[in-house]
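Across the two complexes that follow, chain A remains constant while its partner is chain B and subsequently chain C.
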Partner chain A sequence: MTRTARLWGLLGVAGFVLLPWYMVPGGVLSLGWPGDPAGASGLVAVLGGRVWLAGPGLALLAALAAGFLLRDPQARAKAWVICGVAGLVLLVAQGLLILGDGPRLAALGTAAQPGMGLGAFVTALALLFITTTGISARGRGRGDAFVTGLVGLIVALVGVFVFYPMAFVLIRAFELKGGAGFGLSEFLPRFFAAETWSLACLAGGWCGPAVNSLALALATGLGTTTLGLAFALIFTRTDFVAKKLLRVLTILPIITPPFVIGLALILLFGRAGTMTEFLHWAFGMEKTRWIYGFGGVWLAQMLSFTPIAFLVLIGVVEGISPSMEEASQTLDADRWQTFRRVSLPLMRPGLANAFLLGFIESLADFGNPLVLGGNFNVLSTEIYFAIVGTVADPAKAAILSMILLAMTLGAFLVQRRWLGRKSYATVTGKADNGQHASLNPGLKWACYATALPWAAFTLVLYALIVFGSFVKLWGYNHSFTLAHYKQAFAITFRNGLHFTGAAWDSYFSTLTIAAISAPLTAMVGLATAYLLVRQKFAGKDAFEFSTMLSFAIPGTVIGVAYVMAFNFPPIELTGTAIILILVFVFRNMPVGVRGGIAAMSQLDKSLDEASIMLGANSFTTLRRVILPLLGPAILAAITYSFVRAITSVSAVIFLVSARHNMATSFIVGRVENNEFGIAIAYSTVLIVTMLAAILALQAVIGRRRLRRSDRVAA
Partner chain B sequence: MTKGSVRFENVTKRYGEVTALKPLTLDIQPGTLCTLLGPSGCGKTTTLRLIAGLESASEGRILIGGQDVTHLSATYRRVSMVFQSYALFPHMNVLENVAYGLSVKRMPKAEMTQRAEAGLEMVGLKGFGARLPSELSGGQQQRVAVARAIVLEPEVLLLDEPLSNLDAKLRRHVREEIRQIQQRLGLTAVYVTHDQEEAMAVSDRIIVMKNAEIAQEGTPHDLYERPASAFIADFIGDANLLDVEVLEAGAATRVRLLDQTHDLPLASSAKGPAKLVLRPHQVRLSAGAAPGGISAEVSYAAYLGNSIQYTLATPAGEVFAILPPSATPFRKGDSVTLSWHPGDLRLVAG
Partner chain C sequence: MTNKLFISALALSAAMSASAAMAEDLNVVCSNEQTWCDLMAQNFEAATGIDVAIVRKSTGEVLAQLRAEKGNPKVDVWWGGTGDPHIIAANEGLTQATGVDVSGLLGWAQNMTNMTGGKAVGVHVGLLGFIYNTEVLAEKNLPAPACWRDLAKPDYKGEIQVANPNSSGTAYTELATLVQLFGEDEAFKLLAEIGANVNQYTKSGSAPGKATARGETTIGIGFMHDMVKLKKDGFPVEIVAPCEGTGYELGAVSVVEGTPHLEAAKKWVEYVISAEGQSPGLEVGVYNIPSNPGAATDPEAPDMASIKLIDYDFATYGASETRERLLARWEKDVKGAGGAIEE
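So, the complex of A and B:
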């Protein structure tokens, strides 16, 4: 522990003395020359007159001195905490007070400074870990420096990349007109505005966006959970022949870029859609615009989010110890009773998580309502239009997003109540060896009847998308062409290889950024889940709440918040790839957290304790015992965040730059220009890419082998 | 010199309002097997987890091998534990499980495998290394857990109800094995159980706990022969507790039981109400009424082959007796007279 603190002290001092304190034009990670004023290290900057930077450096030196000079461990620990906290406070204070165009307070003179760079980052990190090591040396967290360090790191990350930008949105929501300060006098009337909460649709009119969002989210949450459960049960508890196909099929919708499902639904069910034409021709059914509205958006969301429910539920359904089901059967319960009274209650954490994810995803969904909403307004699109519409109204956007936040947080609290304090641990250290009970015929056919038509429908939709990418103009001219692919992905070989297609740039940067952010997301998410499930520390509830918060914030709001917060010092990231990676990590991290919590609460705690008792520290335990047992959860987290990074549009659209364009914003541009062919062709390529990536990931991480076989008893 | 000793100095443990352990002071001698015995919720598991470092003490000091480990995390204590659930890692095979602690210490692979194999051999599972825990029987899993704990050569081996998941026949066998391994390696072992017979069979010393504190500690012989309270007398080896009044205290004692007075060859300190400890196998029975004994009626008789167990209804309450088999056993409803050898009796506070 002493070594940890000294190491961080040395590292921090090295960063302060050697690395460029400020952002170098080439990006945060480039080094620049120490002599170059722009690349000056903290020490050089202090000598050059920026005396306010001396604080963090001195704090580091003091902590280092305490580590080497003080003999009494408790006094040393106390010194570390004091130095670390003081250094961090000084660092944050100078960053917030002295901006690019001068200090906020006139008393501080006229000095200005650019955004923080690598040196500042290393210094801050060192100060943070010195503090947490000190805290653990004082006996907190059972004296485990890894645990306190992890808590500190995640709190700092969430604070800087979720709370700090959201503070800018909040300030907007409570700001009074004309810069007259802050207050509730404008906030409250707009929060409870009748147009937002109108129930007019019950009387034949149009409801307010808040009501629409809530109804849609409930319907989507229930629907996706039911379908996801049906798929998970077919997958684990029946001898269904085409399981592999089913798995691919359920993954397809999440790897689909936004707008594509909406577009396909319109071309199928719109007024001039293929299906509508057919029904009109065959049964004389009237052509209507039903797809534009609640029904259409709901259908699209069900297609998009059922796989999320499936991914959450399959881990849980697989994790239920067979001996529980066997116990029930030996107690003379039949297969239906076993399912109803034992298996289903044990799935409660999974069901609750699946519902919560579907509910929140639906609330935050932006692409589907935009394409299919028609007059059916929801909060997320209203927020988008409040920001980019003809009359920009950031205050309205801020207030609407607070309504959205209230709904998601409400769902979160209800879920916690429902789960209560029961134990759902079924994988204990005592190995068991039974086989899962198969479903009774009635339930089996119910699952088939729910899931299989759905699977067929999805299949048709995707066939149509691929078909559409090869025809000249879908719906009108169905002659075969490769023109769309050529335009997007042409390669020429004159004087070597040239990627001349219009889409290559965005394609490569999308893949790079997704590949970087996916493992980071999974790491942050699972580490948080580990702390929440396995460790006890003060303020754990607040910690959990804050990590879930970023998920409740819709992408449009996060995008705007990031632009507002990271456009100027102290943290200046707009236009870089880092801001895109950050937005993906902190937007998708709650999925990793929830998945990790659900999976980890099924692992008996004595496994961790056994590892600790055998001399492993928490980090080794995490790496060698918990992570290997969490295979499916890790796979789900990496897959999901990779795919989300590729397909998300709402937050990204505000953050892309000429250098780092993303596939989705490229597609949106094509859709806006009515170039559907190239949009669909690009989407098809993305789908194939993601499918390949998912299959590769699955092959690498593989399945855990806990029991003699995973076969289902006949 | 004190390697392997365990010492608690006024250690307490609280969870919020609940006191799991009242100030506890104890000493465990190196190389001995000490059992923490008591009914569930008595604090024995908390004590074990405090030694392990899986819980941190609210107050007081914990020393292992003379070194203060109160604030040391479990990782760095030279202590191993065998869990009630075994806690075998399901994704590792048997050899990997046993070698886990060694590999965490970055031992060279060849030495690691060799020591793990030796550990498996010690528990009689040579050749099982490649199997998964789920492919072993309960008793075998238990032995893997023991092997995994002892290959680290810990200063102290902790066992948390290690036999509770085994069937009765296996239990006696495994507890003998554990005891032999402990003695062969000269390990200090702390053993938690609620089964007094198991405790008597394996322990050098037993610490009986009740209501978050120590009720009595001593060798199995001490606890059985000199119980300090009615609770101990009943908990360690069954006992019939008869209400008596001490009439004369001192080197010899005179008590009144029902309406009779008895002179007992044992020391007592105070006059007043007390309880007489009468072990079931110390009960003597004779047919009909006889002077100097207590009249009783047989309310239940069970023939066990090597003994006969009687439940007797007496004016002093129900008495349980175990007698050697006889050619003419008593039957339910028989009137008998109950007597004893005065030297067998013990007196505990009421």
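So, the complex of A and C:
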């Protein structure tokens, strides 16, 4: 522990003395900064007159000195905490007070500074870990420096990349009209405004967007959880023959770029859609526009989000120990009773988390309501148009975002109550015979009847999408062409290889950014889940909720918040690829957290305890015992974040820059221009790419081996 | 042991900031169609040798971004899109006067420059009109509409689609056009009558045209140059210039206040208002009316001489107060009155 603190002290001092404190034009790796005044280290900057930087440096030195000089461990730990906290406070204060174009307080004169760079980053990190090491040395977190360090790191990350930017947006909710400052007087009437909460649709009018959003989210959450469970049961508890095909079908919708499902649905069920025309021809059914409204959006969301429920549930359903089911059957329960009284209750964490994810995804979904919403307005689209509409109203956007947040918080609390304090641990390390109880016939056929038509429907939809990319004008001129692919992905060989297609640039940058952000997301998410399930510390509930926040806020709001927060010193990131990676990591982290929690609550604590008793520390236990048992959760987290980085649209619209464009913003541009052909061709290529990546990931991470074999009893 | 992780994170962030290098070049945000954005950038690079990075965003998104980035902009030039947001940006000090010579341009383009104190320069005009799907119209045995007033006929109940002026600049242009054509009270009465026939107020201004082309609605209101493209793509549609006269949008280009690349930005403005810059638009299906009289046009594209136009008052109807008042009234008198929502 002493070594850890000293090491971080040395590292921090080195960062302060050697590395450039501020952002360097051209980046650190360009190596143009040594000698350049803009690349001055913290120490050089202090000597050059920026005296306010001395605070963090002195705090580091003091901590280092305490580490080497103080003999009493308690006094030493106390000194670390004091120095670390003081250094961090000074660092943050100078960053927030002294901006690029001058200080916030007149008393500070004309001091100004650019955005923080690598040196500041290393210094902050060192101060943070010295503090957490000090805290653990004082006996908190069971004296485990790794655990306190992890808590500190995640709190700091969430603070900087979720709360700090969100504050910029949410504060506008309290803005008074005409720039008259801030206050509550306008907030409450607007929060509870009749047009937002109107129930008029019950009487044939238009409901408010808040009511619409809530109804839609409930319907989507319930629907996706039911379907996800049906699929998960088919996979683990039946001898269904085409499981592989089904698996691909369940993955397809999440790897589909936005708008594509909506477009396909319109071409099938729109007033002039294939299916509508057929029904009209065959049964004389009237051609209506039912798809534009609640029904259409719900259908599209069910298609898009069922796979998420499935991914969460499959891990949980698979993990339930057959011993429990066996015990139940030994006690003379039949298969339905076993399922009803034993298996289903044990699936509760999975069901609750799947529902929560579906509910939140539906609330924050933007693409589907935009394409299919018709006159059915939801909060996410209202927020978008409050920001980019003909009359920009940031206050309205902020207030609607708060309503969204309130709904998420509500769902989260209900979920907590429902799960209660029961234990769901079933993976205990004890031997079992590895045979899952199969479903009773009634339930089996119920699962087939729910899931298989759905799978068939998905298949038809995707066949249509691929078809659409190979025809000249989808819906009108169905002669075969490769022109869309050529336009997007042409390659010429002249003096070497040239990627001349219009889509290559955004394709490569999308894949790079997704590939970098996916493992980071999984790491942050699973580390958080580990803390939440396995460790006890003060403020755990608040911590858990804070990690869910970024997911519940619509992408548009996050996007604008990131631009507002990270366009100016102290942290200046707009126009770079880093800001895109950060937004993906912190927006998708909750999925890693939820999946990790669901999977980890099944692992019996005795596994950890056995490992600790055998002399391993908590990091080794995490790495050697828990992680290998979390295969599916890791896979789900990496897959999901990789895919979301490629397919998300609303958050990136404000963050993409000319140098770092993303595939989705390219596709949206084409869809708006009515070039469905190239948009769908591009989407098809993305789908194939993602499918390949997912299969590769599955091969690498593989399945966990819980027991000698996973079989289903005959 | 945790160090490994952080060191790799460090190396990563270093690598990423390196890739974010700021070379001497031009960052353009473009509110036209993607293909037109790409082609213009390519031609500009070839003509001037300046390296251009271009990204496409809708005007509302650009305005929101410019506001958020005020004081430290990350884009240099904003090219294309309807003129109203350009005027708002100019009024809010988000863009700057460039002093580019506009004397060779058509009169309305020079007006744009005068109106904004040189901050926005007119690049194109788009005329407002409607489009109908010939197949659906024949199937339903409906007469073809020719005038704004025709749209109010009860025959068209549930057949018309138009954008919501709260979210779409196109629909706001329509609202302001009718107000200028018929006077405010009369216009709102007409809008409410048309509203009784509207099946959906879409979010985006170009959506009604596309929905009409695909037969999802029978009649759509929008900009005629978008409709020309749909017709040329092969959809069964006809385009109508309303008999009472119609309004128009003025597309513009603006240089962002505080850009570090002012010289290159000026060159961009000069290039996009030149005949050489504007003519290639036809290659990618841009059928609006270019501001340079020397630029090539398509015979099928709407032209200002043969269509009855109103004298659109951009200064009045672009101002925030008028906007908010008209939109509030629209919400109350038109949308609040409900429509024939055929679901």
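Just so we're on the same page, the second predicted complex is superposed on the first by the 705 of 714 C-alpha atoms of A that agree within 3 Å, B and C clash if a C-alpha of one lies under 4 Å from a C-alpha of the other, contacts with A are read in each partner's own complex, and residues count from 1 in each chain.
The rule is simple: a residue touches a chain if its C-beta (ideal position, glycine included) is under 8 Å from a C-beta of that chain, and two chains touch if they have at least 3 such contacts.
Worth saying up front: this structure is predicted, and the values here are computed from it rather than measured.
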Checklist entry - Once chain A from each complex is brought into register, does chain C clash with chain B or fit beside it? => result fit
Checklist entry - Should A:D604 be classified as contacting the first partner (chain B), the second (chain C), both, or neither? => result first
Item to check | First, second, both or neither for A:D332, with chain B first and chain C second | outcome: neither
Checklist entry - Once the shared chain is lined up, is A:D72 touching chain B (first), chain C (second), both, or neither of them? => result neither
Item to check | Contact breadth on chain A, by residue count: chain C or chain B | outcome: C
Checklist entry - In the superposed arrangement, does A:D144 touch chain B (first), chain C (second), both or neither? => result first
Checklist entry - What is the contact status of A:M613 with respect to chain B (first) and chain C (second): first, second, both, or neither? => result first
Next on the checklist: Nearest 10 degrees is fine: what angle do the Cα centroids of chain B and chain C make about that of chain A?
Outcome noted: 170
Next on the checklist: Quick check: superposed on A, how many Å separate the nearest Cα atoms of chain B and chain C?
Outcome noted: 13
Item to check | Footprint overlap on chain A, comparing chain B with chain C | outcome: none
Item to check | In the complex with chain A, residue positions of chain B that touch it | outcome: 52-54, 56, 71-76, 79-81, 83-91, 100-101, 104-105, 132-136, 138, 141, 148-149, 152, 158, 165
Next on the checklist: Touching residues of chain A toward chain C in the complex: what are they?
Outcome noted: 7, 23-30, 100-101, 117-118, 121-122, 125, 146, 149-150, 205-206, 266-267, 270-272, 288-290, 292-293, 370, 373-375, 381, 385, 387-392, 473, 475-477, 502, 516, 520, 523, 560, 563-564, 567-568, 572, 574-578, 581, 619, 653-654, 656-659, 661, 665-666, 669-670, 672-675
Checklist entry - What residues of chain A sit close enough to touch chain B in their complex? => result 139, 142-144, 427-433, 604, 606-607, 609-618, 620, 624-625, 628-629, 704-708
Checklist entry - For the complex, which residues does chain C have touching chain A? => result 1-3, 5-6, 9-10, 12-22, 27-29, 33-35, 38, 52-58, 60-61, 63-65, 67-69, 71-72, 74-75, 84, 136, 165-169, 172, 199-201, 203-204, 206, 210, 213-217, 229-230, 233-235, 320, 323-324, 327, 338, 341-343
